[in-house]
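Taking it in order: structure first as structure tokens, then the write-up.
When the chains are written out, they are named A, B, C and D in that same order, and each has its own residue count from 1.
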């Protein structure tokens, strides 16, 4: 059960922090239509986060209260375990998102590349989850996949536009790759809770990894961007609660109101 | 008594938010010696904030608890009224600092110009406070004046260096003046609580205003910067708790820990 | 056909409630007035994303966050319809942006006030969107077809937003003391600027007569403002809050609420650019536009390469 | 006098504990080693401002905020003394910055770890400053005069910082459950990197012998590390916390604590630039330097104008 809860919180945290970063663009995009598209993606992520948090909350509510509080790793005792208490009353070191998703937005190149890497990863992971023995998890994955397909397509098109656009856009893409690549290894450095809850073994993880890399390189080729390989080393820790210095600031801003009035209704 | 408390909190909030903004430079200054100088100024402001909050807390502790809580305008009930609860457990709309001090740092020109405007204002105000009937307030003012004299000198020298430095630095100073000038009018738009607690009337305020303007223009002349005059219109509201959108972010970051654990000792 | 004749036929169509369409003849002044009004309206939607966007990352629940995101997205969408409607009159979106960024075009002054607490999301929905709807519903019967059709769609979404805003305030009004205080404070700050959204009093609004004749405007500023006051004075009772106007009271004779004098000095001051956030709002838009230049160039270069390849 | 003779006299002075001063003759290698060591040390102070600077705006009490500000300011001051000491050896501060910014010069790898909670401010003070003091106290008797004198002053301030850090942890250890957890978590994350601060094991540290002969180094890495472990293993008991090493236990025979193997792979990986924050720390310094270019130019231009006026 612990693995299941950890894995759901991991999925929820990934979605919420992705949504948070994407939403920072709202009103600041380079093109009105793209501002709308990116806000829509932010909305999809927040929606996915809610589904995962709600599922986790439902499971936690069935457990003895003490055990549930410990499993969710709250740092204060919430009035009840809900999607909101899970999002707003856990500290950075209880958050289990990938380091990649909490990195600053940077410019448009860095933002769309992050979405491109992440949504391709999500796509192949969620295809796996379709046959998960937790039918609720499988159902959320199925629902999310429709949105993710759009994220994959949208971000892939932008990778091509920027990679094969102007000298400047290409330069910015190369810089973005340089900055983000050390963080993608963490996708496939699976924790025990992921293996258990997502029903993965080392072979299937390796397959996901290869599939992901091939997909990325396929688009990169079309975008005239250099082929990537996995190095031996990469940044990790987020899935176990050891984050970058950025997450603390995200949460300070995001959680401010519920922290101030922990039992209020909004 | 309300005027006294409001005025002390106003002085404390001004100091704390100035200190906060100055401290954001720490480790990012253009010259190591100046990084040290600015950190020192931040430290002076935090120290002044503590003196004012402590004095306010001491006065509040002598009042019936209900009245004290209402006067300080806490949005949650703190375990006790201390310098820390006054700093960390009041919302933006209870904060009484000038709008000027919460504005973003911008570049070095904007930062030093803000310190220049503010410390010259503080200098003439605190000289008034030396003879205040609240001897504790007068004592804090006296102690602070030594620090403020240094802030005045340091920032004035930088105004000259940048105003009369290179074309770029001059351009940046002009831009900084343009950005900050609409906020200096609030210094001399005195609230009732300031008039009462600082023992000022319209004539003395007008005198302060003229003195301040002359001082600024004197340095501006040396710095080959254009002479300034007060317009009819200026930004205000901070002293009555109506702030810019920036203060909320400052407080979300600053207050995060005490908001999360409101009764903890640190 | 001579110009007088055309103008006569034009006015006849309008009088007969026949919509004017882009390819139809129209007087220059009609075209100019519409371009100014529609683009100003479009800019208001785009600039209006900023004060609410300011609270997306700080929304206090996931549900509220999602609703707010969707709302701000809708505003971007409204901007898009309106820019398209204006384009049918022979101006490009880039020209309109240029007018906004250079300060030549205006946008609704209400967005030059800061959003200071979460309750402002409620007050904006209830009061600002409420006032907007009051202004806009008549516009969905306006004489220019593309504008009228855009308005139909926009008004439907706006009234949804208004209900959501009211619900935010209702929740706060039933909350703890700090939440109730936050609620009243937001109403206090947004009430008068909302009344100003209807524009100057009829005496100071010289173009009203012509606009009404052209059916670009269907009620005077003061008529709409009175209607808005009457509605809000009733709704605020559901919140258990008050409107910050000591002169507000029901006038049995007029069958309307009387209300206190509006601070027109503040209104004109904000219009002139001296509102609390004018500089920042415009600077934010200009920054977004300038930061996006390389992105737009890249997208263009890529399209050109792609079509070159296609026909190569 | 020939070079051999000079080298001999130089070594005699060192053996007699007579300080070498800037104007004295010294072997090239001695000079180079010192420049490398002192500038690396100076860079560590400057880069070391960043992880702690990260918590100034979020310090949980005004007293702690003031203490932390003062501490980071002290670090800048240490950087200043050390750059000055290095300058006496014939290198400018700008050259040293260039080496740092281009990645040629190193700084202590410990600052490539992130500060994730307030408790990290305590752990850095107790463990990181503690390890630094252990390394630096012997350096205050080092053979090069300016470096030794800078060290005396630095060590005095560092031990003050260390006590403050320990006091942060002590307060947390007596606090609520979340604070105690935060305290243990910080110790867990900072313990092993602190042990790595003493550098590779003596077997992998080929320059140690020469440095000891020159009295630039007075103890080996492993000696200092053992001393540090012995002290911390006792101090942690006052906190009611544990060090994250299951092999840690008192060895009655050696009269020392035994401790588990250090992850040297991690150590070299971080040294190579792959630590969690290497890129960001360096990028932050470079950015500060580049953003400051116009300020430095303006200050210079102003000084030139001023002295031109003076002599005009």
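Heads up, the rule we're going with is that a contact is a pair of C-beta atoms (placed from the backbone, for glycine too) under 8 Å apart; a residue touches a chain by one contact, two chains touch by 3 or more.
Please read all numbers here as calculations on a predicted model, not as lab measurements.
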| item | value |
| --- | --- |
| Fewest hops from subunit C to subunit D - one hop per pair of touching chains | 2 |
| Distance-maximising chain from subunit D - centres being C-alpha averages | C |
| Inter-chain centre distance, subunit A versus subunit B - centres from mean C-alpha coordinates, in Å | 41 |
| Euclidean distance of C-alpha centroids - subunit A vs subunit D, Å | 37 |
| Interface hub residues of subunit B, defined as touching at least two other chains | 75-76, 91, 252-253, 256, 261 |
| Residues within subunit D bordering two or more other chains | 58, 178 |
| Category of the chain touch graph - line, ring, star, complete, other | other |
| Pairs of chains, among all present, that meet the touch criterion | A-B, A-C, A-D, B-C, B-D |
| Subunit A - residues contacting subunit B, complex | 75-76, 91, 249, 251-253, 255-256, 259-261 |
| Contact footprint of subunit B on subunit C as seen in their complex | 51, 54, 58, 114-117, 178, 181, 185, 189, 269, 274, 276-277, 279-280 |
| Residues on subunit B engaged by subunit D in the complex (per definition of touch) | 16, 20, 23-24, 26-36, 39-40, 42-43, 46-47, 49-50, 53, 83-84, 87-88, 107-108, 160-162, 164-166, 168-169, 172, 250, 253-254, 256-258, 261, 264-266 |
| Subunit D residues touching subunit B - in the complex, by the definition given at the top | 46, 49-50, 53, 56-58, 60-66, 69-70, 72-73, 76-77, 79-80, 83, 93, 118, 168, 171-172, 174-176, 178-179, 284, 287-289, 291-299, 301-302, 305 |
| Of all residues in subunit A, those that touch subunit D in their complex | 75-76, 91-93, 179, 182, 233, 235, 237, 242-245, 248, 252 |
